[in-house]
Amino acid sequence: MTATQERKAVVATPETRTINLITAITEALHEEMERDERVVLFGQDVGARGGVFMATAGLQATFGKKRVFDTPLSEAAIVGAAVGMAVRGLRPVAEIQFADYMGPGFDQIISQAAKMRYRSGGQYTSPMVIRTPSGGGVKGGHHHSQSPESYYTHTPGLKVVMPSTPYDAKGLLKAAIRGEDPVIFFEPKRLYRASKGEVPNHDYTVRIGEGAIRREGTDLSLIGYGGVMPDLERAADALGAEGVSVEVIDLRSLVPWDKELVIGSVQKTGRAVLVSEAPRISNFMGEVAYSIQAEAFDSLLAPVGQVAGFDIPYPYVQDKIYLPGPNRITAACVQALNY
Amino acid sequence: MTATQERKAVVATPETRTINLITAITEALHEEMERDERVVLFGQDVGARGGVFMATAGLQATFGKKRVFDTPLSEAAIVGAAVGMAVRGLRPVAEIQFADYMGPGFDQIISQAAKMRYRSGGQYTSPMVIRTPSGGGVKGGHHHSQSPESYYTHTPGLKVVMPSTPYDAKGLLKAAIRGEDPVIFFEPKRLYRASKGEVPNHDYTVRIGEGAIRREGTDLSLIGYGGVMPDLERAADALGAEGVSVEVIDLRSLVPWDKELVIGSVQKTGRAVLVSEAPRISNFMGEVAYSIQAEAFDSLLAPVGQVAGFDIPYPYVQDKIYLPGPNRITAACVQALNY
Amino acid sequence: MTTLPLVEPLPVTGIQPFTKEPIRYIGEDGLPVQPLPAAYTPERLRELHGVMLRAREFDRKLITLLRQGRTTFYAQSSGMEATQVGLAHSVRPGHDWVWPYYRDHTLALALGVPMFELISQVLGSNSDPSRGRQMPHHFAARKQNFVSISSSIANQVPPATGTAMAQKYLGTDEITICTFGDGATSEGDWHAGMNMAGAMAAPCLFVCENNQWAISTNLRGQTASENIHIKAKAYGMPGFYVDGNDLVAVMEVCTHAAEWVRAGNGPALVECLTYRVGSHSNADADAEKHYRTREEVQEWLGRDPVVRVEKLLEHLGHPIGSEERANMISAVHREVDEQVIRAEATGQPDWRIMFEDVYADMPAHLREEAAMLRAEQEGGRK
Amino acid sequence: MTTLPLVEPLPVTGIQPFTKEPIRYIGEDGLPVQPLPAAYTPERLRELHGVMLRAREFDRKLITLLRQGRTTFYAQSSGMEATQVGLAHSVRPGHDWVWPYYRDHTLALALGVPMFELISQVLGSNSDPSRGRQMPHHFAARKQNFVSISSSIANQVPPATGTAMAQKYLGTDEITICTFGDGATSEGDWHAGMNMAGAMAAPCLFVCENNQWAISTNLRGQTASENIHIKAKAYGMPGFYVDGNDLVAVMEVCTHAAEWVRAGNGPALVECLTYRVGSHSNADADAEKHYRTREEVQEWLGRDPVVRVEKLLEHLGHPIGSEERANMISAVHREVDEQVIRAEATGQPDWRIMFEDVYADMPAHLREEAAMLRAEQEGGRK
C-alpha cells in the first residue's frame, strides 16, 4: 500500500474522527501511556500547565505526577534525564518547550542520545523521543520561530520526523515511542490548530522513513515537510488552475527519508521544487537536491529548485514575509516549468 | 588578482619562509596581539600548556597572563565570555580544545554570538574568533575526529572558514581577528604539521569569502576544503597521469563561500565532484551541489558528485577508512567522467 | 524623573551575606524595622515612588495595547518594582554595563531608557533602536549600556562575565550587572557564567529576581537548595538575601554588593525575594489559574512594593494623597499614549531591513536573497 | 579477587557532611587516626590491596603497550586507587548502575569487569564489547551496569540523574553512581544534572575524583569555591569530603553516603581529594612539566595510597613482604600479557561494522553507503 492509498483508505473508513494536529499529539501520548507503563512524560510546564501549547493538557490529571512531571528549567537536564531513563529501560518522551531552546541540550542530544548505541556496540541503547514545537508564523521572533531540524539530520544516530497532518502526527509519534532509537519529533506549531484531518479510531502507526504523496501529478514534483505543507497545496492549486499538474510530496521523515519515493516522482515529472523554511545553507533539502540530481539527472528537464528560509536570524516584524508562502513557491515552480 | 595568481606570487617572492600550518596559526596570533592590544586569547590549557596542539605555545610567556589565560572547563563560559568581551570592545580569540566539544557552548554560539548584531539592530556587535581543531585521521574516535562545520554554516550571523595551507591559515586568521563579525575558525588538525608551505614575511590577510584555485584544469572541478585538500591533490595527480585535467578548488571560506569561482569553474569543466569529511546528510556541500546544478545546469555533462563522510558516528578502529581518501575521490571523479 | 546621577554610595552598614532571612529595612506595614539611612529623605522616596508607579502603569497600559492588537506579547514586572528600581540605583547608567532579561523594563525605565524607545520596541516600529528584530520585551539601549536581550534563559550570564572581564582587562572602574529569574538558575549556562566569574574575579554583580515561579514551576520544583543565594558558595562569592519588595533594602543591599564588586573583590550574588503577581505573559493569562492558588496570589498582592513605599511616606509624614496619586497615574497613561502615537507614526520596517545587520557587510548570498524578495515584494505592486 | 558480594553496609558512625577537613581514618604513616571499623580485618585489607596493586600495574603496562604502538591513548588512574577501589565497595555490581568517566578503569576492575574486556577495548579488538567504536579508555560493561563513557566532560551527569529517576520510578532498590573529575564541575551539564537530581530526589551518588588538575588547570583556576563538596549546597544535598588516598576513609564515607541515598533521602555528593601523579594522558607526557612543579608531584608520590595500605598492614602485624609484593606484580604483568595476546588474537573489526549499531535497523542510506564502501574495500582486493 502506498502512502497515497493509505491516506485514501483512512478517509474511506467510517471509523474516523476529524481532529487537529495538537489533539492528535495528545491522543498519541495518552494512548501510548495507557499501552506501556514505561512511557513517562516530562519537560518544562507539561504538568499542571499542560504545556505552553496544551499538548499535554490533562495527562498529569490522568496518569499522575509520577508519569507526567515538570522539570527544572534545563534542557540539558531534560534530554540527559531522558537518555539515562532510556538506558535503564523506560520509554521517556521529553518535551522541549520550543525547538529554539534545544541549544542548551545540544551536547546531550549529539553526544549521548545519538551515540549511545553505537559507542557501546549495542550494549546500551537510548530509545527516547524529544518532542518540540518548531517553525515560524507565530510572531515569535528569533526564539520562537526557528526550524533547527537540519542540525539534527546532520547528526547520525538520530531519527528526525516532522508531520504536517493529524494522521501523521499521531501515527509517527506512536512509531517514535515504540521504536528502538532516539527520535527528534518536530511539531510545526503554526499547524497545531490549523491542520485538521481524519484519524482512525483504531490503533495505528506511520512508519518512520516513509514519505507520502499528497496529490499525484505529472509536470512537477513539489516536495516539502512540516509547516510549509499547506502552502505547497495552495501553490499546487494555483498551478492546477493554470493547467499544471503538480505532484505534492510530504516527506514526513527526514532521517531516514524516502528517497525512493522522491526519485520515482521526479523521474516521472522531470522537475522538482523543494520547500522548507530553515535557512538555506546546509539545509536538509540540500541533500534531497543533491540526491535528485545525482540519481535522476537524465530525467531532469530543469534544475532542481529550492525555496528555503533566508540566511538571516528569524525576524520579528517580517514574520510572514520570511516564510515561503504560496506565491514564492508558485514562482519557483513557474521558474522550473519555464526553464 | 585571482587566488591562483596570488599563490604563485607568494612562491615567487624571496621574502617568504616555509612553515607548517600550526606555526602559521601561532604566528598570526602573535602578530595580531602585537598589533592590537584589544586582542586577548583564552581557552582550556592555552596558557602554560600552550594548547594541546601547541598552537598557543609561548604566547603566555610573551604577552603575560592577562592577555593569554586558561579558563575553567566550560565551553559555554568560554564562548559566552568572548561575546561579552567583544560587546565591551575587546577582540577575543577563544580556543575550543576540539571542535567536538563545541556542543556545550552551542547555545552561546547560535543565540548570542550569531545574533547579537542582528537582534540589537547593530547597537551591539560581537566581533570574535573561535578557533578549534577539527576533522579526523588522528585515531581520536567520536570526540576528537568530528567535522561539525555544517552546524555553524547553517547558523546565519556566523562566518565559517577552514584553511588547508599555512598561507591561508595565517591570512584568514588575521582577517578573522580584524573583522567585525564572529568567525568560527576550523583548523584541520591532521594538517597541523603535515601541511607545509610558504608564507610571506610581510603582513597580509586572506579575504574571508574567497576560494582558491589550487590547480587549473578543463575536465572536472574537484572542490573541497580543509583536511581533505591533500587528498584532492593526490586524486588530481592520479587522474592527471591518466590524461584527465582536473581543476582543484579549495573553498577556504564556507560562509560566505565563493560561488562565483565555483560556478565559473564548472561552467568551464562541465563536471564537479565535492569532497568533505562530515556526514553527508545536511552537509554544507549540499548547498554547493544545489547551487551548481541550479546555476550551471546547462553546462553539466554529469551529475554533481559528492564524497562525504558516512552518516555514522566517527569510528575509532576504522579511522582511516572513514575518511575520503584519494582512491574514493578518484573513483567519484571517474564516475563523473564516465557518465 | 528618569535620569540618575552617578551613584553616590550610601553609607554602608553591617550588611552580611548568607543571612537566614531576607534583609529588610521597611516592614510590610511601612514602618522601618531598622534605622532608615539618612539618604532616604521624603523627597528622595517620593521620587523613587514615582519611578515605581510609572513602571507599574506602563505595565498596565501594555495589556491594553495587547488587547488592541497593537502588540503581540508582554511580560510584566508588576509586583517586582522595588527589586528593579532598587537595583537601578546601584548602577551608574551609561557607565556600568547591564545584561538584563526579558522582564526588566522597570529596570530599563529606572536607568533612564526613554519610554519612547521601549514602546517602539514593543510595537516593532521604525523608531525601535533594535529595528523591529525581536519580539516585544527584548530591549536594548546603547546609551545606557543596556545590552540586547536574548530569549534563551540564562544565556546572558556567561557574556555578562565576559563584559566584566573586559572591564577588568581595560582597567576601568566599571562593573557589570547581570539579572535573571529564579528559573534561570537551573540552566547550565547560568552555572558556567557564575563559576567563570568567580574563578576570574570578574567585577560582576549578579542579581536574581526571585519571583518564585518560572512559568508554572515554583522554586521547590526548580531546585532543592534552601534558597538561591546560597548557590553563591559554589562560586566563592558572597550571596546576599534581600526582601525584594522592600525598596530601601534592595537599594541598600545592591549598593553594598555593587561597591564590594567595584572595590575589586570579585563578583557577588544578590537574591531579591519577590513575586510575579500577574501571569507569566499574555500567553499564560488563563493557564496561570491551573498551577497556583488564588490565595497565594492574593497574599502577595497584599505585599505590594509600591504601596509599601506609600505607607512609609505616610509614616514619615509625607503621604501621597489619593488625588496626587491619581494624577500621577493619568500622567503616565498620557505619556504612554503619546509615545505610542509617536512610535506608530514612524511606521514599521519593511522587508529590506531583514538582510541588514546579519554581518557588518552584506555578503553576496544575502544580496541575492534580497533581490529575490525585492522581485516578489515589489513585483506584486506593479 | 575481582568479584564483590552485594554490599553489606559497614556499621556507620558519625560521618558528617561539609567538614572543613577531609575525613580520614588512616594517617599517611599508616596508623589509624580514628578507630578502624571491625570489618577491616587484615585479610580484607590484603584483598583490597591486591585490587589496588593490580590496577596500578595495569596502568603501568598500558604505557608499555602504548610505546609498542599497540594502542593509541591512555589515561592513568595511578595515585587514585584508594578513591576508585574504595568507591567500588559501596556499589553492588550488576545491581546498582554506574555512569563513569574515562579515568575509571580501576573502578571497573574493582567492580569485576574482566581485564580481558578492558584490554580488548584499549586495543579495539574484535573482543571489545563496544566493538572498537571508541578510543581507548572509553569502556562499557553490560554485566556490571557500567555505562558506556562519553569523552565530553560532565556529559554523564544528567543521564546518571535520569537513570536514578528511572530506578525510583520502577520502585527498585538500586542506586546510580556517577563519577567525574574536578574539572568537570565547571561544565553546565554538571550543574544541570546535579540540580535535577536534587529537585527530583533521585537516588544518585555523585563522586568527584578531585585529583586537583584538569589537564593544566588546577583547582584554583577551575573555581573560586573553597572546595568541591560545598557545591552540594546549591542542590540541597549533603556534600562529603574525604581523603581520597585513604582507602578506609573512602570506603566508609562512600558506603555511608550510598546507604543514605539508598534510604530514599535523595542524592549525595562525595569529594575524594586525591592527585593525578602521572600525566593527564600520553599526549600530555612531556607538556606536564610546563604547568606543575616536580616538587608538587614528588610530594604526592610520597602519599601513595597503595603504600598507605601496606603501612597499615605492617602496623596491624600483617605486612606484605617484598618478595610477595614482587610476585603479585609479576602475576599482574603476566595477566596483562596473556590478555593482550588473547585479545589481539581476535583481530580487529573491519569496515562492515562501521554501519551497524547506528540505528536498531540499518536504513537504506546506510546500506547504500556500506555498498559503496564494500566496492572500494573489496574491489581493491580482486
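Order as written gives the chain letters A, B, C and D; numbering starts at 1 within each chain.
Operating definition for what follows: a contact is a pair of C-beta atoms (placed from the backbone, for glycine too) under 8 Å apart; a residue touches a chain by one contact, two chains touch by 3 or more.
Computed from a predicted structure; not experimentally measured.
**Q** Could you find the chain whose CA centre sits the greatest distance from that of subunit A?
**A** D
**Q** Write down the chain pair with more C-beta contact pairs when B-D is set against A-D.
**A** If we tally the contacting C-beta pairs, A-D comes out ahead.
**Q** Quick one: report the Å distance separating subunit B from subunit D, using the average Cα coordinate of each chain.
**A** One centre to the other, that is 37 Å.
**Q** Where the centres are mean C-alpha positions, what is the separation of subunit C from subunit D, in Å?
**A** The computed centroid separation for subunit C versus subunit D comes out at 45 Å.
**Q** With chain centres taken as the means of their Cα atoms, state the distance from subunit A to subunit D in Å.
**A** Computed from C-alpha means, the inter-chain centre distance equals 41 Å.
**Q** Return the distance between the CA-based centres of subunit A and subunit B, expressed in whole Å.
**A** It comes to 32 Å between the two C-alpha centres.
**Q** Indicate the residues of subunit B shared as contacts by at least two other chains.
**A** Residues 71-72, 74, 76-77, 103-104, 107, 111, 115, 118-119, 142-143, 156-157, 255, 280-281, 310-313 of subunit B touch two or more partner chains.
**Q** Please list all residues of subunit D that touch 2 or more other chains.
**A** 132-134, 138, 150-152, 186-189, 192, 195-196, 199, 221-223, 358, 365
**Q** Flag every residue of subunit C that touches subunit B in the complex, lowest number first.
**A** 97, 99, 128-134, 138, 140-142, 147-148, 150, 152, 155, 157-167, 169-170, 176, 188-189, 192-193, 195-196, 199-200, 356-360, 363-365
**Q** Given the complex with subunit A, which residues does subunit C contribute to the contact?
**A** 72-73, 124, 132-135, 138, 150-154, 183-184, 186-189, 214-217, 221-223, 283-284, 287, 290-291, 348-351, 353-355, 358, 365-366, 369, 373, 376-377, 380
**Q** Enumerate the contact residues on subunit C facing subunit D in the complex.
**A** Touch list, subunit C to subunit D: 185-192, 195-196, 198-199, 201, 220-226, 230-231, 233-237, 266.
**Q** Touching residues of subunit B toward subunit C in the complex: what are they?
**A** 40, 66, 71-72, 74, 76-77, 79-90, 92, 104, 107-108, 111-112, 115-125, 156-157, 159, 179-181, 209, 255-257, 259-260
**Q** Tell me, which parts of subunit B touch subunit D in their complex?
**A** 44-45, 47-50, 52, 70-77, 100-101, 103-104, 139-144, 280-281, 310-313, 315-318, 321-322, 327-328, 331
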